[in-house]
Every structure is written in structure tokens, then in C-alpha cells.
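As C-alpha cells, here come the structures.
In what follows, subunit A forms one complex with subunit B and a second complex with subunit C.
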Partner chain A sequence: MNSQVLKSTSINRDAYLTGLLNLVSRVTPPQPSPPAGRGPERVLEGWLEELEGWLEGLRDRSSAILLEETFPSTKDEAWRFTDLSPLLQVTFQLPETSNVASIPSSEITPLIFSEAADSRLVFVNGVYAPQLSSVAGLPVGVFAGNLTALPENYRSSIPNYLGKQHGATEVFTALNTAGLTDAAVVWVSKNQVIETPIHLLFISTLSDSPTISQPRCLVVAETNSQVTLIEDYLTISDWCADKSHPYFVNTVTEIWAQENAQINHSRIQRNSNVAFHIGKTAISQARHSRYTCNAINLGGKISRHNLEVYQTGQETETTLNGLTMIAGEQLADTHSALILNHPHSTSRQLQKNIARDRSHVVFNGRVFVAKAAQLTDAGQLNRNLLLSPKARIDTKPQLEIIADNVKCSHGATVSQLDDEEVFYLQSRGLDKVSAYNLLVDAFAAEILNQIPLNSVGIMLSQCIACRTI
Partner chain B sequence: MIIENSEVILSVRDLTANVDSNQILKGVNLELKAGEIHAIMGPNGSGKSTLSKVLAGHPAYEVTGGEVIFQGQNLLEMEPQERARGGVFLAFQYPLEIPGVSNVDFLRVAYNSGRKAKGLEELDAFDFDELIQEKLDVVKMNPSFLSRSVNEGFSGGEKKRNEILQMALLEPKLAILDETDSGLDIDALKIVANGVNQLAKPDNATLMITHYQRLLSYIVPDFVHVMEGGRIISSGTKELALELEERGYEWVREEEASEVGV
Partner chain C sequence: MSATVKTLVNQPYKYGFVTDIESDTIPRGLSEDVVRLISAKKNEPEFMLEFRLKAYRQWLKMTEPTWPQVKYPPINYQDIIYYSAPKQKPKKLNSLDEVDPTLLEAFEKLGISLSEQKRLSNVAVDAIFDSVSVATTFKEKLAKEGVIFCSISEALREHPELIQKYLGSVVPIADNFYAALNSAVFSDGSFVYIPKNTRCPMELSTYFRINTGDSGQFERTLIIAEEGSQVSYLEGCTAPMFDTNQLHAAVVELVALDNAEIKYSTVQNWYAGDENGKGGIYNFVTKRGLCQGVNSKISWTQVETGSAITWKYPSCVLVGDNSVGEFYSVALTNHKQQADTGTKMIHIGKNTRSTIISKGISAGKSQNSYRGLVKIGPKANGARNYSQCDSMLIGDNAQANTFPYIQVQNNTGKVEHEASTSKIGEDQLFYFSQRGISLEDAISMMISGFCKDVFNQLPMEFAVEADRLLSLKLEGSVG
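Moving on, here comes the complex of A and B:
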């Protein structure tokens, strides 16, 4: 009897995934936008043809992978605490492409960070919106734009990077690739230090039916270069407000830090509370490179961030800061993996989680230190603040250490607000709610203060302050 | 200073209180008038710190009897923040560290919550900065402390100075200093005492709780009370403190015993 039930569910899962695959395969290639390089028209056409041919192969390979896969369930270890069945209840459609053109630039204005006012790329439902983007503030030596506009000198390298990160066969990553027609691309040339931060704004619009969009992003920082990125997912309309139709955002960002490159990456997920957000960030770190991620998760009914760092050379530095703050019935899951295969690397990870109401936070922090990765110094700390007796936090450090001469630490704490601290603040005149909020803000500030753009920190503090306790 | 017919700031009558259903305060009587500085001395576990926590409204302490009138109001009916806004200030024995909250933001929020309660306009960051610079002088505090997290990484003396800075800012009617002198070296003690002396005015009252007579050489009390077993067993002028220092608490206990004829 039981097996009967199980079987029918798994068939449903297969069919659901196939349905999604068929849907995303219908995404049409973008209209070519004016190229940054001023080559003759026919050269551009030649590139577009070549690109489309290559992407088709990539999509086909991913589709083939997906046909062998099934939609994950809580029986899969990686999804043990994150039940995606609410997603299976929804039949998604592709968003209307006309949405892209219909957004007035005034809607974008409040979303612009002053430090990145003229260094922003805007994608609407995964589709590049050149009329809303502006890269006039960027110096030479860096390209920021969509894939079709890639300057000639980078084009031949695309197959070495796009879709090439480890973990490409994971279901949602493959689903994104199966619908891949365009991507946001940031490419920093050798030895270029780009002071101006680059804002990658991925907007979802709410429509009359449930929709799926799949933003894709590729970042290449060549040898000795430096760049600061803000990857930002949000919904047009007040993201705090609930809208009735769910939508599904399935993102993949591939980041390549070549030798001695330095990347500071902030990823802000503030989709509305009806969204399903599944995001992959895969980073490859070459010798001597330095990568920092500040991952902020605030939105989504169910959200998942898979953050994976793969080391390809020795003496890398990796800093992973994370803040998840959710409320109501939200679920937010962060699965990070740091795969160290070379010696002398340093990593620091601090993941902070705040759960209110009946929300549910999941954190799984994997650190793998291979035999060759001697003299690794890896530290992981996870701090959790449970603000309600009905909230839930599942946290799991997962250290797999094969090398024998390494320094690896991990720790996890779960606490409530300290009554003595609350009393201290009350004794100075703050009411209980203000005291709570101040302490929660302080808990979050440790992560928010790591974000290199002031205006982003301020915006996020306000976001966090707009809750109702 | 003792002022004839001055206003009664605090009146404690037969106050009893429990912690985890253990009776700690067993009938405390105390009256402070405007202008006065009182010191409560007593051995460890006599209930001194409990008294200060009860007066500030700590939720872990359960008042089981008696009354506390603060400027004509029933203090025991007020929430801790209402007491603070009304003019009660407790300088903590162990000031808490609040990582992530800058000292200046904390001070501004505290100051403005008092102003809001009085129906006054809140000060913005700019005006507040001017005000706090003035107050820093009271405890000779380096402005760099303002941008650090509240008490985080402060030395014992710096934490106590920070308490007095808050007191200077909030200008309480009743200041309760809970063991403010403990753990201070002599230089820090002088700075803290000097701050308290500057803040003691004819229209406010100060209650010092201490273990050591040393403090009283720098802040001279008008009255000294000895606490023991949850009650005030002896009261007098500053000479009482000197006597105590010399003869120990045993002496007061014996005095009390002979008074009640045991």
C-alpha cells in the first residue's frame, strides 16, 4: 500500500520536472542589443549564430541530464529539511516578455544604489533590459552587459566558463542551463582594479498567473584584477506585501576568480513572500585569489541558496558571511560547501540566522579538506536567534577532513534574546519592543556592516527594521 | 547636602521581595530627600543589589509586600522603562555588553525615549552629537568610545565611566549606583566619583550601594545605612561608615541585637 503511494508521488515528481523542462525550453533567445565592440554587422551576426549554436548544445546536454533526474524530495539528504511540495502544487508559465519593455525607468530609480548609479545591469524576469541599465560609469578594462553584447576578445573563452562550474548536474542548476539563452556577464580584464561597484539587479514582476524565470550570471575576474558586485533579487511592488500569485526564480551565478584576483560579492535575496527562490552561486578560486560573499536572505516563501566554492590552486582566501532573517511562514535554507583541494588556504565563515513567528531556517555548512589541502585554516561559526517558540532552526556543520595537518573549527549557537540585555535597555528608557528590535538589529549588523556599499547597508537595515514584532 | 523641608524623592516602606521564591528583602525602610546622598553598606548577600534591582524594576525580582513611592508615584506599578523615563537611573554593577550597537546610537535612543515620553521633540544625530560632547567631560571620556559597541571590549573602569556618562546624559532624579566603585583602580575611582559629585544637585538624590568605605572618601554621603539579612539594621551619618570600617559588620550586628534586647 505504502509503496503504491510512494510510486505515484515519484511519477508525479518526474512528470513535474519534465513539465518544467518543457516550459523553460520554450524560452526564446533575446533580440540582439547593440554590441559594445563596433565590429561590422556581419561579424556580429556570425557571433550570434555561433553563440546560439553553442548554447543549444549546452541546453541539450542539460535537458538530457534532467530527463534522468527527478524532482527532489525530503528523502534526499540535501533536501531533508526543505520540503518543496508546495512548489509541486503550482503550474508555472513563462512570463510575458512584454513586461520588460513596460517598466518605466521611474520604477527603477528607488532601487539604484548611489555608488553604482551608472554601473548597473537590470534584468526583468531573467531578460536583459538595456533601457533600464546603465554602465556609463564603468572604466575601460571591464565589460558589464548581456551575453550577446560580449566584446569580441572575450567571445572565444565563453565555452571555458559558462556552464563549466562543478555541480552543473544538480537538478535546479541543470534546469537553469536547459533554458539558457542569455546571461548577465561581468568580465574584468587582467590587472584591472575596478573601484566602481557593479549592481546586478534581477527584478521579478508579478503577473496574473504563476511564472518561472531563470536569471543567469557569469563573472570572470582575470589575473590580478579586483571587482565588487551586488547581486540583487527583488520584486517590483513592495516586497514586504503579499501578492496572491506565487512565482519561481531559479538562479545560477558562476564566478571565476583567476590567479590573485579579488572579488567582493554581496548577494541580496529580497523576493516577495510568495516567491520560490532557488539560487546557485558557484565560485572557482585559482591560486592566491580572494573571494568574499555577503549573502543576505530576507524574502521568499521557500528559498534555498546553494553556495559552493571550489578551490583550484593554493593559498586562497575565502570569506563567507551570511544573514538570513525571516518571519511568518517563510522557510530559508542555505547550503554552503567549501571544497579545498590545495594547501595553505584560509577560510572564514559566519552565518547568522534570525527566525521569527513560525518561520524555519536551515543551514548546512560543508567544508571538505582533501588530502592535498595541508595547512588549511578553516573556521566556521553559525549563530542563530530564535525569536518565537514556534520558529525552527536546523543547523548542521559538515566537516570532512582528510588532510592531517590543518586547523579547522566550527561552532553553532542557538539563543533567544538575553533578558538581562533587554532589562539593561529598558532601564535606560527603551520599551520592550524597541529593546528587542535594537538587539536584533545589532545581531544582524555584524553581517550587514561587511557589505562594502554604505547605501546597501542602510537599505538593508531599513528592510530589517520594517518588520513587525 | 541636607536641605530643610526638601521634597521626598524616594520613600521605601516595609519592602519585601523574592528571587526564585527565596525571600531576599525582609522589610526595607528608606527615605531619600532632594539634595541628599545616601550610602548603603553591607556584606555580600545582605540584599543591597537586590534592592537596587527591585527599584529599577528587574523582572526576576518579585515584590511580595510593602511600597515604594517615587516623587508621589507608586514606583512598583511602573514598567522599567517608565521608571527610567520618570527619572530613576540604575548604574549597573556589571554593565552589559551589546555588540553591534554603537555607544552613541544607544545613548541617543535612550535620551530620545526620555524626551518622547515628556512630549519633547527628539534630537537628531547632529544636535545630539553636540550635547554628548559636553557630557563626555563629566567622566573625561575619549570621544572614540562613542563609535564603539556598547561596553564591548571596555575595561572595568571604562564600563563604569560609561554608566556615569549615561547618568550625565539622562539627568535622573534618583541615581542608584550599584557597586560602582568595585573593580576600579584609584585613578578610575576618582574620575567616577568626580562625575557623580558634579551630577549631585539640590533637586536630585543619590543612592550609593557599596562594599567598601573607600568610595565614601570621594563621594561624601549625608547618610549611611547598614544592610544585613534583607533589612536596614542601622542608619547614621558618614561617621557610621568609618566606625564600620574599623570594627567590622559584626559590631553593627551586636549593636542591633542589644537594641532589641536579644
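Moving on, here comes the complex of A and C:
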């Protein structure tokens, strides 16, 4: 591994970025997955050709954008508190595609949520694993699968959605697009209410060398539809200490909520502590749509979540719940942006952060209310819990308001656990450690309780419990 | 709301006159020679010239900050007059009677009476006209208590040891672009020294006046409060109306030793440009207070109503244990004014406390940003901060932004921040009119209610003035 670790001083950031670009753009065209549609074989081949041609153009455009960009440093406002130099010290490789086949389904079983047992898509290192996925439990009216298996009636609209969200020129988003060959696609047809939650499982495996994987996800909820999604990033065999090569997960999720659509989206990031995780979630909300995000950040050596909501019609509702809980030497950064351009919308954001040991939490919550967005009601609250003397929090709730007839507020607090609360619990016979854990659990529960799937909530509380003192 | 409110805000700027006075002005431009010339004109000691040259050389290496939320055409630093002073009689002035009567008249017109007999209120004034201090009142009375209150040039001649010790100790010469520029070319300013265990017997005040067009004003204020002392200091500023933009880059340094307390109040009313944004002062100011001693306290109060662009972050560095920093601010922008202002509270010592109350009012097409930093260092056990920033928008072309940075590196600290944005509600106005109160009165009452937390911190005379200033400024803007 030492041969791959270079001194950061000797690394030119631009050269590093170009290196990454060259690596990810060494793509293999998507292979047809097992028959998904009933269409004749040649129709499928025609689609694959068309898709590949279109994707190539998309990749080329992104590569061109990327060549103009520079790798971010702490001198950039958006990366001021998140130093990516540890990333620069690693030379990544593309993961072995054979890994996909080698995962026994027994490894997957414990990761399945009972509510979404037969409505899951599994991607291993960014590559679709049909043998591990199961969509048998999904009703008609919704498609969940990879790009190549997309039903015929949706194919022509793909160019209107994939890679079309705002902020596509941001460095890591462009890097993802530059290597884009396949994506997880969830497409809900008009007027369909999908009660079965859909579980998108993105697994990273550890291998003999540092690897980069770039999962991609596209969600389209057509007019009057409803859907619940669980986007889940994790690592398997992260308990093997000897295989602790760093790996880099660079995700992009594009979500389109059309008129009056309703999306409940939970994003769980529990990569192992050697991972670099950079994720983008970009949402477009049309008139009367409702979007809820529950973003849970637990893993990663350095993790970053860019959550961007763009309003494209009036009277939208947006709820952003976030929980970051890290320890050790972890760094977790959440940058959320809510861009309101139309009147009468409501938004609520609650971001909770817990930092212990020597960990470092960064939060930047931007709310932009344009002149046209009169009668907006936007609320934001950021609460931080610092549990050890060496932990650190940098937070910046940011309001930019041009419309005058609006109600906007934000608040931020940083503190430790209240001594009186701990004392009260001790007076009831709890020992100090249990009292602490109970209070931390309760702090986290406010967010975890928002997740619509019971089993996910239970899994996460266990996750958090095993991380408490 | 109707057009009445709009007409309410558009009060003409009444301090926009120019005083015709013969002045000693050096040619435009900046170079090492200009720095030497300024230093020579002021007969400064050698160390001062070195200080200036060092700053100038640093400045050459620095670039203008681009992060503030303000827009302006690039400034040509070679097109500014760096020194302009009313022509003085060769000998030193013995009393106020010898000050040029035109000057006294000018200050009289501004409402600042420099003749001591006429002064009713208990305020000592240092009047600064363009680049130099023209008069300081009540000097003798202050000297009896051991308080030194004079212009910084005079202090350089008479108390060089104090200047050498403290100048640049709070704001280092290379602190930022404008501070470096100021360190190189500053012309004059006020110097205050309060000896041990002394409570300054009266309010101290400096009045800044820019008169020459195209000249920059670069003043420097240094206040030192020795152990157990207390002082309250006020600052006011106006400038004539010119169509060109003028640069004002000041540096203020405060040092509070053990148990000392400094209260610094500003009513800033530089010319703000006309309603189309033509002319006005660029107010790029670095103000910082150092709570060096234990239990020391520094309190900033500012009412910012003028300037085309304001870029100003009065800060407190809380080094001493149990020290306290406070920041109370009202920033009002109208027409095309832009303000990017706020504070920094740097907690270093144990049990340090800070409070931030910021009220922003933006009307017309203006832009008003609060930018603040609360930093709790790793050793600042038990530090506490409370911040509140409220914005009020008048009209839908105004913009209000908040950029609060909170950085906490100690888990015993407690930080709270809240911010809100609102407008004057129709229902509130209706309530007033139902009680027989006119629209204008209602609005001005609501605004002074909105700003009350800050005005309460101002010394009496200033509070009244500030309240009046706000209602005048807003005249005609609410609609």
C-alpha cells in the first residue's frame, strides 16, 4: 500500500483530478441484464445502442466540464472545514467486477428490511447485482431496476431527467457523470401510490487495493404519485481489520417530484470508517409536491452530503431531517441548500449532530428565498451535541432572503448533555453511563422516529446504541 | 402598505455640504514615497515610519477580499488622495480660539459644538476633519484624572512608548487588505489612555468628517484601558455629497486589561450615495477589541445608517478568563446601499461570555447581510454565547442575508443562535391605525421597537439621535 501513498505536498490537485477522471472514464458499456421486459431481443439491443450512444455524450460533456474544474481545497468556501488532503494521498483503482458474483446471498440476508424484502435493488461497488435484488413484491405502476432494463415507455424521457438536475457541474457530481454507465432507477407512474417501500442497497466491498465506486440513482415520481425510498450505503466485511484499504464512494442521486407527487426518502450512510464518502442528492420539486428527506450519517472517515432542493413550482412542502453521529477521528459534513423560487411553500429542516472523541462535524444549511417566493414559510433548526473535549463542530445556518412577505427563521445550538438531566436519571437509579446513553438516544430518536420503516428505525437505534459509550 | 411609506424613507442627507477651506493636499496615488511623505509631514518617530513601510510592503502582496456579499467596481488605489489636511498655522494651537473659525463653523453646522463653554452635555470631543484632528475639548479636565485623550499624532509625539507598545497589537498590520492599507497611510485618529482604577469622568467622543472629494480617510483609533478602569467612547461620522465614491478604511483597536471595561458606540452616517447608488462612501473598517485581562469587558454598539458599502465586523477577542464581549448593532440600508456587517467573538479564556444582538433593516433595493463568527477555542471551558439576528424587509426589492459561522472546539461551551426575517405586518399597522396613529408614526414606532434592544445600550444623547436618524432615513420607504 505504501507505494500508493504519496506525499500530499508532491500532489498537484489538478493532476489528481485528471487522474481520477481518466480512471472513471475507462468504462465498459452496460450489459443487458436478465430479461426484464417481454420485448423481443432486438428491440432491447436497439435500446442498448441508443442508450450507450446517449450516455457517451453525457460522459464526454461531464469530462469536458471536469477538465475546467479544480479539485476543491479548504480555500474554497464550500470546503473550508473539510480538508480532502487525506483523499489526495490515495491512488484509487476501479473495483474488480468479479466481486459482484462472489457475494453469497447469505451476506445480504441480514441487510434486508422486512418491509422491503421483495422490493430491493442491490448494487455492489456501483454495479447492478440482479441475482441479489428482488422486485417481486412491487405492484404494477412502478419500475425499479437498472437503466438497461427500463421499460420502453420511459426510455425516451430518460434524457430529460438523468444528469439534468441543477448543480451538475459541481466537481464530484461531474466526476460521477463522467463515469456513468448504469444507474438505479425508480420510476413511479402517474396516480400510483406505492405503499411498498423500495430499498436501494449500495454495497461496497473491501478489496486488496483502494477502490473507487460511483453509484448513481434516478428517481422520478410522476404526477399524483407517492413512493417511499430507503437509500442505503454500507460496506460488507468491514469487520475484517486486515482489509482496511481506504475506498471512495462518490454517489449522485437525482430525484424528480412532479406535480402533487409525494416522496419520502431516507438516506442512510453507514460505510466503514476507512471510507471516503461524497454524496449528492439533488431534488426538483414541482407544484404541490411534498418531499421528505431523512439523512442519517454514521460512517466514513470523511463523509460529505450535499443535499440540494430546487423548487420548480409553487406551494411545495419540504421536510429535511438529518442526523449525524460520529466518533473517533471521523469527519462528517452536511451541506444542504434549499432554493425557493416560487410562492407559498413551506419548509422545515432539523439537523442534529452528535460528535464524540476527536470527531469533527460540519454543517452548512443554506436557505435562499428569491423575490418571487412570497409567503414562504421556512424554518431551520440545527442542534449539536458535543460529547468530548476534543470533538469539534463548525456550523453555519445561512439565510438569503429577497422576498419581503415571508416568515423565515433559523436557529443553532451547541452544547453538551445537561448535567441536571443526567443527575435526574441518576437519582432514579441509572448509572452515569446508562444515563448518558439514554439521553443521547433520546436526542437521536427525534430524527430516527421520522423514518417510516419500523425495522430501519430499530436497526439504526441499535447502530447508535452500539456506538454510544 | 401604500406609497406613503416609500416617501417616508427618502429623507435628503442633511450633512452633505462642503466646507470651503484651504487645505494641504498631497497628489493622488500611493507609493513608498507617499508613505514616507505622510510620515514626514507628521514628524513621526522613526519606528512609526518603519511600521508604515512594513505595512505598505505587506499590502502590496495582499489581494482585496472578494467574499463579502457586496458588489462594487474595482477601486483604483492610485486615484485616491492619501493625505489632506486643513492648512494649519505654523505654531501649535494654545486654545480653541485659535482654530480656524471656518472649521468651527463647519462642526457647528454638524451639530458638534467645539467650544467648551457652550457644551452642556458632559462629552469630550476630538474633531477630525479630513485627515487631521482639529481640536480636542476638555483636555485639561481629563488630564487631572490622568486620562489621556488626544489625537494619535499628538500621542505619537508625547507618549511614543504607549503607541509603540500597543499599536498593531490587536489588529496586526497584515491582518487584512484594508487594515494593511490603513497601517501604511493612516493620517490621524484618536488616542485614549485610561490609567489604573480610573473611571473616565465623561463620555469621550470623536467626530469624523470627510470634506475633500476624492480623498480617502484612513483613521486609526487606539483605546487602552488599564486595570480596573472604565471608559465609554462614542464615534460619529458624516461626509459631503459627491458623485464619486470615497474610500474610508479605518482601524480601531481596543485593549482592556484586568477588570477594565470599554464601551464603544458608533453612529455611522457617512454619505450613502443617491437613490441610484451614485456616490457614497465605501466604509471598509476593521474594529477589534482585545479583552486581555481577567474579568474585562468590551461592548460594541453600532448604528449603521450611512455609507454606500459597509464592510465592518467589530470583534472581541476574549483572552482573559471571565471576560465578556458584547455586540449590539442596528444596520439600516436603503436605496442601493450594501452592508455586510456583523461581529466575531473569539473565546479563548475560561468562562468567557458573549452576546450578539443584531438588527438589520433593509429597504429600497438595498442588501443587508449579517456575517458573524462565534468561535469557542479548545481551552475556553465554560464559554457561553447567545446570538440573535433579526432582519426586517421593507419592500420586495430589498435583500436580507445571514451568514453566522459557529465553530466550537470545546464541549463545555454553550452556543445559541437564532435568526428571523419578517416584515411589518398589515395587521400590526391596522392595529395602530385603529388606535388613531398615522401610518408614518406607526412604522417609526415599530422600527424603534424592533431596534430597542440595541438603542438601550447607547448613551442617552446618542440613543435619541439614533432613533431620530432611523426614522428620518426610513422616511418614505415603507410602502
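Here, the second predicted complex is superposed on the first by the 450 of 469 C-alpha atoms of A that agree within 3 Å, B and C clash if a C-alpha of one lies under 4 Å from a C-alpha of the other, contacts with A are read in each partner's own complex, and residues count from 1 in each chain.
Criterion: contacts are C-beta pairs under 8 Å (C-beta built on N, C-alpha and C of every residue); 3 or more make two chains touch, one makes a residue touch a chain.
Quick caveat, the model's predicted, so the values are computed rather than measured.
Within the superposed three-chain model, A:374 lies in touch with subunit C and out of touch with subunit B [touch as defined at top].
In the superposition on chain A, contact of A:439 is made with subunit B only, not with subunit C. Using the contact criterion defined above for the overlaid structures, shared-chain residue A:423 touches subunit B, although it does not reach subunit C.
Within the superposed three-chain model, A:402 lies in touch with subunit C and out of touch with subunit B [touch as defined at top]. With both structures placed on the common chain, the touch criterion links A:411 to subunit C but leaves subunit B unconnected.
Number of subunit A residues touched is higher for C, counting subunit B against subunit C. Look at A:53: by the touch rule set out above, it reaches neither subunit B nor subunit C. Of the two partner chains placed around the shared chain by superposition, subunit C is the only one that A:77 touches, whereas subunit B remains out of contact.
In the three-chain superposition model, subunit A touches subunit B and subunit C at no common residue. Residue ranges of subunit C in contact with subunit A, taken from their complex: 67, 376, 378, 391, 393-423.
By the touch criterion stated above, subunit A contacts subunit B in their complex at residues 418-421, 423-432, 434, 438-439, 441-446.
Interface of subunit B with subunit A (complex): residues 56-60, 79-81, 83-85, 89-90, 92, 95-96, 98-101, 106, 109-111, 113-114, 117, 149, 166, 170. Partner subunit C is touched in their complex by these residues of subunit A: 77, 371, 374, 384, 386-416.
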